[in-house]
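The two complexes that follow have subunit A in common; it is paired with subunit B in the first and with subunit C in the second.
So, the complex of A and B:
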């Protein structure tokens, strides 16, 4: 019950934030929401299927570059179209990459996803004509539901209409994932995570289901990636670099992968902590490394693990 | 014949684990496979359940060749199994474990948009199996928190929740106290009757269990069938008694 109240409170805070919070903070919430979408998908693999992908920046890159190509090369600026194309492209690439990856587990799965991520990174870096190389590409301001919002300056657009658009996408993505993990399919994924041998004996086709989860998570990754582009107005190959994959895995661990909202909380804390630490000391990675080591040793359940201890297990705990 | 093995042979390099084993199981039978360690019992179970492919020979299930087709396909055809080393889903509850089996049996595993909690058919069927296996009052307990005997029971119960026609139990009472062994077997036999199971094949070391419940015993020795007869005939066969029972009772008891 307390868990539900907190969720309602968080939703309310996000809805009213642009009215009360300084614009700078609002702009920080944009990448948070984009990453939250990515992480909902990543955690279907990680927390529910038991597969750790170290190459998820591949899908973030696909979504982000889809936005850039559509707005600058093809003159399509409708965000709905960008999200749709991202989702389809992410799904197709995940389907192909997944065919190979899901045959492996544990570190082999992780390394394969990493390898595919690197392939895509190199592609972005080397095919200047198409991708702009290390300079990257511009992402033009997208139309939201066909609206130009031409009266709005860049900041007002991002902190206003774009913010609410992202919030709506996040809400839909979360609702969709909530249904998926609580479906019969979601239960099958959890049997695979816990014991693939036994899952097979019960007739669950382990490889096929892992593949489904991989494709869904690729779609989420690309949609989240597409939302990352417009706030900076620019995309570059580092979006697809392996350290970026590391960041999203870190966010997941930070928030806690055994809880539905854990990774979302992780994204939130990560973004703000990064901003805070960077404003104080230049070497934020050092601080984050220490935090990660601390988490793994002291609180492997992440922040959500600490939180659920407080709300009592009756709340929507790690069950599903 | 519901299940038939013809000339099953399995070699690992030079080592012959199983050497031309043939037998058939008819509907209504409860067959125990016995034999000392290394006789080939586990290999036989792996070949029958499609996990491993034989070097030679075939397995036929319901008059259909199923050699090496894998456990997922065999499950769909109506064969279920439990494991020697107990296999559970540690982070799933008892009810969720049984629901997973029912979801699989009903072919609803790809329903991504439906609510599991709202699926009455799945819930009721899983609840029924929980009752049958006396796990109903622990339905919301995580599998990893169960005592060993209940874990064993849950492993078997989830196989039953598939409503199979035949079930292969690899030492269903291993690692369980003598008192619990009989309780497990009683539950199992009652559940088998209830779901209309056609045949049970078990690998078992405990001779009290073997003689107490089987209609037929297949004794394996060094990869071959040493005897295939009723419990009475097995008891009267001094060669089998010497190689099996003398040895299996003491050193091989887990």
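So, the complex of A and C:
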């Protein structure tokens, strides 16, 4: 009950934010929502299936570059089309990469995903004529539901229509993920995480289910990545670099991987804290590295872990 | 030949990665950052040496000493951070080393600034030789020789000394070694320090040939990662062969078709992981 109240409050706050909060803060919420979509997918692997991908920036990069290629080279500027193409591309790549990756667990899974991520990064960096190399590519302002919003300035467009569009995508993504983790399929994934041998003995095809989870998480990663491009108007290869993969895992841990909303909270805190720290000193990595070390050693449950330690454990906590 | 020089440096870093993974089962993402740290401290030590009026041909002495001494950072890191997470899932250990990557990258930037640092003009102090039609700085040959000597030294340490036996016993069966009276905390601290020192020494030795940059660590770690995957996680012989493969292939790719440089290496890594996940010399996958 309390969880629902908090959720409703958060949803209300996000809906009304553009009316009351300064535009700058609203613009910070855009990457938050994009990362939140990515992390919902990542956590299906991390929190629910027990596989830690160190190459998820691969899918972020695919989504972001899909948006860039469609808007600048192909003249397709409908955001719906961009998201669809991203989702399909992310899904196809995840299906192929996943076929190889899901046969391994733990450190080997992490290394294989990292290697695939770096293949894509190098491709983006080296094939200058296709991808613009280290300068990246421009992303033109996309049409939302066919609307141009041409009388809106860049910030008004981002803080207004684009903001609500992202919010809607995030809401749909969260709803979809909620249904997935609550389904028998989600239950199977948790069984696989906790005891793969038992899952296999109960007739759950462990590798196939891991593969499904990987594909879904790839689709989420690409969709979130596609939302990251338009606010900056530019995408570059660092989106696919391995440290970016590390950062999204960090966000998940920060919020708490064992709670459905943990990663979303993690993305929110990460984005705002990064902005706050960078307004004081440019060395955000130093501060964040210390925070990460602290989290890993003292509070591996993340912020949600700390909250639920104070209140009653949430019923939907997958580690419960 | 520049490929072999690169391989010699890569071997040092990868060997540091291997010894830590072999014994502690921690994949140390920060080994690249230790390499960067070694490079910066190496630049600093050599500049200080030259400014104090030290004869340039002797610059190798402060360089190597600095590289080895910075390795003590490893001891601090192990005792101060890593030892709290040994019992945990390896995901957390991996993330803790990632935290170190972030911290060290900015710590370096904070200390030495963002501009690249170099020891200008010392690279060719020892002159050049012509070998099989190519001109090679003698310094490269010294580093290659040092790297081979270190490889042999580690081999000797692991197979011929009491400490090496303890390390191998711990890698083989931690609980049994502990039951037989091995002080695990001390072994882990020593091993991690050794691994770190190999990385920092690699960083120190590379800088006469190139400038120290704050990104050099996170770039090198992916190459070192390729080396250990190709060679097999935890295997010293694997690190040696893997470093040669990566170093030479990279140099060949740069000469023939630059776009393929790193992609080729990652594709080999993926092929190795798929067809032979334990690498060329690794033990069976745990």
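FYI, the second predicted complex is superposed on the first by the 311 of 320 C-alpha atoms of A that agree within 3 Å, B and C clash if a C-alpha of one lies under 4 Å from a C-alpha of the other, contacts with A are read in each partner's own complex, and residues count from 1 in each chain.
To be clear about the criterion, a contact is a pair of C-beta atoms (placed from the backbone, for glycine too) under 8 Å apart; a residue touches a chain by one contact, two chains touch by 3 or more.
Every value quoted in this text rests on a predicted model; they were computed, and no experiment measured them.
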Give one word, clash or fit, describing how subunit B and subunit C relate on subunit A after superposing. fit
When the two structures are overlaid on chain A, which partner does A:155 contact: first (subunit B), second (subunit C), both, or neither? neither
Of the partners subunit B and subunit C, which touch A:179 in the superposed model: first, second, both, neither? first
Quick one: is A:204 in contact with subunit B, with subunit C, with both, or with neither? Answer first, second, both or neither. first
Which angle, in steps of 10°, is spanned at subunit A by subunit B and subunit C when each chain is reduced to its C-alpha centre? 80
Applying the document's definition of touch, where does A:195 land relative to subunit B and subunit C: first, second, both, or neither? first
Could you look at A:253 and tell me whether it touches subunit B, subunit C, both or neither (first, second, both, neither)? second
After lining up the shared chain so the two structures overlap, which partner does A:115 touch, if you call subunit B first and subunit C second: first, second, both or neither? second
Counting only touches as set out at the top, which of subunit B and subunit C does A:16 meet: first, second, both, neither? neither
Nearest-approach distance, in Å, of subunit C Cα atoms to those of subunit B in the combined model: 15
If we count contacts the way the header does, which residues on subunit A are in touch with subunit C in the complex? 52, 54, 100, 104, 106-108, 110-112, 114-116, 118-119, 122-123, 126-127, 242-243, 246, 249-250, 253, 283-286, 288-290, 292-293, 296-297, 300
Can you list the subunit B residues touching subunit A in their complex? 49, 70-72, 75-76, 80-83, 87-93, 96-97, 99-101, 103-105, 108-117, 119, 122, 155, 158-159, 162
Over in the complex, which subunit C residues touch subunit A? Could you list them? 27, 29, 81, 84-85, 88, 90-92, 94-96, 98-107, 109-110, 218, 222, 225-226, 229, 233, 258-263, 266-267, 269-270, 273-274, 277, 285
Along subunit A, where are the residues that touch subunit B in the complex? 179-180, 182-188, 190-191, 193-195, 197-206, 209, 212, 216, 318-320
